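Chain naming follows the written order as A, B, C and D, and within any one chain the residues start at number 1.
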Amino acid sequence: MTVRVAVAGASGYAGGELLRLLVGHPDVEIGALTGNSNAGQRLGSLQPHLVPLAERVLDATSAEVLAGHDVVFLALPHGQSAAVARQLGEDVLVVDMGADFRLTDAADWERFYGSEHAGSWPYGLPELPGARAALEGSKRVAVPGCYPTAVSLALFPAYGAALVEPEAVIVAASGTSGAGKAPKPHLLGSEVMGSMTPYGVGGGHRHTPEMIQNLSAVAGRRVGVSFTPMLAPMPRGILATCSAKARPGVGAADVRAAYEKAYADEPFVHLLPEGQWPATASVYGSNAVQIQVAYDEDAARVIAISAIDNLAKGTAGGAVQSMNIALGLPEGTGLSTIGVAP
Amino acid sequence: MTVRVAVAGASGYAGGELLRLLVGHPDVEIGALTGNSNAGQRLGSLQPHLVPLAERVLDATSAEVLAGHDVVFLALPHGQSAAVARQLGEDVLVVDMGADFRLTDAADWERFYGSEHAGSWPYGLPELPGARAALEGSKRVAVPGCYPTAVSLALFPAYGAALVEPEAVIVAASGTSGAGKAPKPHLLGSEVMGSMTPYGVGGGHRHTPEMIQNLSAVAGRRVGVSFTPMLAPMPRGILATCSAKARPGVGAADVRAAYEKAYADEPFVHLLPEGQWPATASVYGSNAVQIQVAYDEDAARVIAISAIDNLAKGTAGGAVQSMNIALGLPEGTGLSTIGVAP
Amino acid sequence: MTVRVAVAGASGYAGGELLRLLVGHPDVEIGALTGNSNAGQRLGSLQPHLVPLAERVLDATSAEVLAGHDVVFLALPHGQSAAVARQLGEDVLVVDMGADFRLTDAADWERFYGSEHAGSWPYGLPELPGARAALEGSKRVAVPGCYPTAVSLALFPAYGAALVEPEAVIVAASGTSGAGKAPKPHLLGSEVMGSMTPYGVGGGHRHTPEMIQNLSAVAGRRVGVSFTPMLAPMPRGILATCSAKARPGVGAADVRAAYEKAYADEPFVHLLPEGQWPATASVYGSNAVQIQVAYDEDAARVIAISAIDNLAKGTAGGAVQSMNIALGLPEGTGLSTIGVAP
Amino acid sequence: MTVRVAVAGASGYAGGELLRLLVGHPDVEIGALTGNSNAGQRLGSLQPHLVPLAERVLDATSAEVLAGHDVVFLALPHGQSAAVARQLGEDVLVVDMGADFRLTDAADWERFYGSEHAGSWPYGLPELPGARAALEGSKRVAVPGCYPTAVSLALFPAYGAALVEPEAVIVAASGTSGAGKAPKPHLLGSEVMGSMTPYGVGGGHRHTPEMIQNLSAVAGRRVGVSFTPMLAPMPRGILATCSAKARPGVGAADVRAAYEKAYADEPFVHLLPEGQWPATASVYGSNAVQIQVAYDEDAARVIAISAIDNLAKGTAGGAVQSMNIALGLPEGTGLSTIGVAP
């Protein structure tokens, strides 16, 4: 089976990573590539690492250009996917890498994104309970945000096994590619190298309601989240440190058992042996997730830590994984669990 | 006034940073420099950036060599300061940059360091309530750990004003110099660059009891601490993200007011204007502390974030600041509040 | 066809990168893995990114363990390959990633490596004139050094077309993984980040005679080389800036034409469009080589610049490419031309 | 003596570094600060590390604002200094950190900068023969470019002693701050980290004629220069690798002797002991220059390597050093020879 794939938003970091993966996917043929401000340019000048596609020229994004493909990936700014998706047939698999269809609650969407809610699609985090089944055969996929991917995978086993109280504290460091390719002064290499700095502190980050949605669904009750993101001096990677108060009577063995059970059969999630800690370098460029969990007896808290590549498992890799499931392909096709290290 | 200063442990990162500051201190004359494994070597080959001291040769550490100075700084491995200090006269100002005299509770020391408690000295974090007075005229100073410096400064105003519950959650990223100069595989540049990784998760880090000691003293009750340190891909800097549940009735204005009051007259601590966030690059090489605080209404948590240079304010700068106070010099002599940025 | 492969030296950076590539190679089955000082350890603790091989345990390196494979890769310290290779049958393909069999001249070997010359094997840089043919069907391959790979590819078209004088000046910056995984003080992250520093200046680097050998063979006369290597603050990558005086009458068009001709059909070498410059990030983790060349009319010099990943095309990728040729497999099997960027 | 100083262009990297140094200069009082596009903004939001000046507000650049100071530093884009300087009195010391008054040859200026030549001022590299005397008492100073500073200091002893042929090959790596603070895609942290890339290859870089001017003056004949600059993944620092063919009969001892003589009494230039190599980290934030030189007998070339901080000795530190000389202050006032390392 060969599926013909179009990518809208091929000049950004998410689009570039997606194309890197799709070139290596044995069942994919790459069709139209679009990018509005860069339409007409050679991909080789915009994404010099994508050598096999260097001579491809970007089209302007339009339903006409995207039509006629089996799969359309949308790597567009938030709020632009809905209009495009509406014009694509219901027989086309549309994978939205933006935020538009992630949130089920219209009020959350309106509060955090400031526009009208477009609805929600099956959620592309197959490791969450029930998510894989909803993706099978689906013609629409909402790819999770990068932070919610890291955080949900770190914490859902604890909530699924009712080990922790419904108030999570999350501090996550991200590589700078998560902030995109548009040049801004604070993203200059001169500013970024040698520096750690937080942003969106105090509840304002748009990924917060998505984390709450995922964890609450697993917990069966509303889980509150305090989320502090930080920019780290590295191009890629998220390290999410997540903790919550242990419920009375919970011990270290319960915690370990819950995580071992949750991840016994997940091809991309690796619960590390005790004593070994996740490192973003280990998952660089791969779809792997490293997870470790500890029980702090003094503080009576469960601390779960995950490492992902924000552009791979956190965006484009997750998108390909969900595409594979939706199309009935083996879930790992075209994806690697080996990071480029050191 | 010129004080004659000796430095035991001049070949490590803490000793090197101390010497960088002391060379620029107008009231200091640098005397003996010692380093056990490097005794007999030129400082220029061990610390090539210390150009004015390049031809100085290290002695082996001994009470004889250190005697006859007005001030002796000990930058020795944990557990080695007590023996040396005992041999130095009570008229000599001894500033211990190791952990030996930080903890007041013998049980804490024994649990985390595994040896007999040597006692405790006046604590060299002048910004803490009462600390400055205890340092004035003192002949013994225990320099705080780098993480406890960052965390105590971020959180003590909240505990001092009784704004938050006595359970703090702390996630702090440190530059690699905090791990010292002894070569270990996981500290290689090849491993460190592009990677974030936690360590000492779950309560085991030796700086935890020191944080608890400081915050509990301010709060007037025991404060529990969940502490997760991370190694960040940068040579220097600590970014500490600290949060605690707000007590009932506390609002954003209370929080801001408490921090403004706490830091109104502190020369090295800069509470940033609202909307601006600490960045470790801004304090690189300086004794400055950047602090910002937010109140997350949804999560009902106070989030306080500090940035310091772990080697400067977090170790050697704090040591010089305390020396100045102990000797009756202007507190900021030889210290800068301007980081080397970008 | 499935070939069974053993790797001696699986715990180092070269061995780790080789295994990353071999896991993705469709015709390879990974057999014995050895590592002397780490024998008995799980690979997962030594190479945490190699998830699919995490439970494999290293054997001590011996001919017995390595026997019974179709291909044996040797990623051993210089001088150790010969003894192992001698004990392996002539029907086994032995690919030496060390220096032992690279130099044809015994005097060069003895001068730069200080031991007895073991001989020379077909040289695994297929892009050099005649090299590919020598590799086809060979049972022995000497993988080039990382710097000689970058430099030879940058300069051989100029020497092959007799455009430049036989004195080349080369300055090349390498990522720190080129210095290996043994912990040394100057390779600590704290030392490496934010710093550029040269080493082996003045002709002493062991890769110099290998460059001279390659360029002289193409030029048909002895080419002198002034080589200065530098350590750059990045884990991977080599950027080689190579120049030589243009011969009389040579112009910019001649230079461009020679490089276009040399690389018209090379699958891994990408002569960039004029105005675009190589960047090591573009080839990160890939087997691609980026090359650009300029003619400086004022200085009458040809400046050729190449970017490779020192561990991939510069070591393990080049080794796989040569294995493919030696075994009669398609040359690019299991290799990518797309770097992991940004 | 207190001199009142104005800085035009206070919001950029050069202006920020200058202010960092001026705050610590005991004889300076900081007056007007200007910045066109940022006029009206708090310096604290533009240069968050300059804590003591945080509440200062930028004026628009004009002769009126700059008048009434003893010293005016111009950190303006190339081509804008001449118009401002003309309006400042001849009794004011004007230190131009741009290129406008560096080149003595009008044709060079017009070829490389494309505008009319404004003339030339005493050249602010005191270490060059004759330069210090020309700066003493001068009311105008042209601060050298960062690369020409590094290259001229590396090579002038060799040309001054007639040890090498008049064709120099220079490859220099710079930290990203050299490219300024204006956000451009290729300067994003995501692009810069982990990457080395050249630019301005083949003779086009504007600093080339300045190097030729300096070296030719010392050599007493025209020296040709092949110059290749590279962007390195670090915020600051230049490592310049400079070589030239040795003249017949020259040996290693001649080379060492020439460098020892040239730098015997220079307070900021440190000729390293043999076997130790310059590292940009060692001079981070300082006015120090590290130099080492080697003689490659095989290639018959002299290789001289220098490390500077491009913003400090390469721009703002050099400017302060020249100001000190022009004003008759001790040359090292307010400057350090100790880098912030590690």
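To be clear about the criterion, a residue touches a chain if its C-beta (ideal position, glycine included) is under 8 Å from a C-beta of that chain, and two chains touch if they have at least 3 such contacts.
Nothing here was measured: the structure is a model prediction, and the numbers come from that model.
Asker: If you tally the C-beta contacts for B-D and for C-D, which one comes out higher?
Answerer: Of B-D and C-D, it is C-D that has more C-beta pairs in contact.
Asker: State the chain with the largest centre-to-centre distance from chain A, centres being mean CA positions.
Answerer: So the farthest one, by centre of C-alpha atoms, is D.
Asker: Give, as an integer number of Å, the spacing between the C-alpha centres of chain D and chain C.
Answerer: Distance between chain centres: 37 Å.
Asker: What residues in chain B touch two or more of the other chains?
Answerer: If we look for residues of chain B contacting two or more partner chains, we find 13, 175, 177, 181, 188, 190-191, 193-194, 233-236, 279, 281-282, 284, 342.
Asker: In the complex of these two chains, what residues of chain C are touching chain B?
Answerer: Residues of chain C touching chain B: 13, 175-177, 179, 181, 183-185, 187-194, 233-235.
Asker: Applying the document's contact rule, which stretches of chain B touch chain D when the two form their complex?
Answerer: Touch list, chain B to chain D: 13, 16, 20, 23-24, 44-45, 47-52, 54, 177, 181, 193-194, 235-236, 270, 272-273, 276, 279, 281-286, 288, 290, 336-342.
Asker: Give every residue of chain C touching chain D within the complex, in rising order.
Answerer: Residues in contact with chain D: 167, 169, 171, 173, 175, 188, 190-191, 193-199, 201-203, 208, 224-226, 228, 230, 232-237, 239, 241, 243, 245, 277-282, 284, 292, 294-299, 301, 303, 305, 307, 342.
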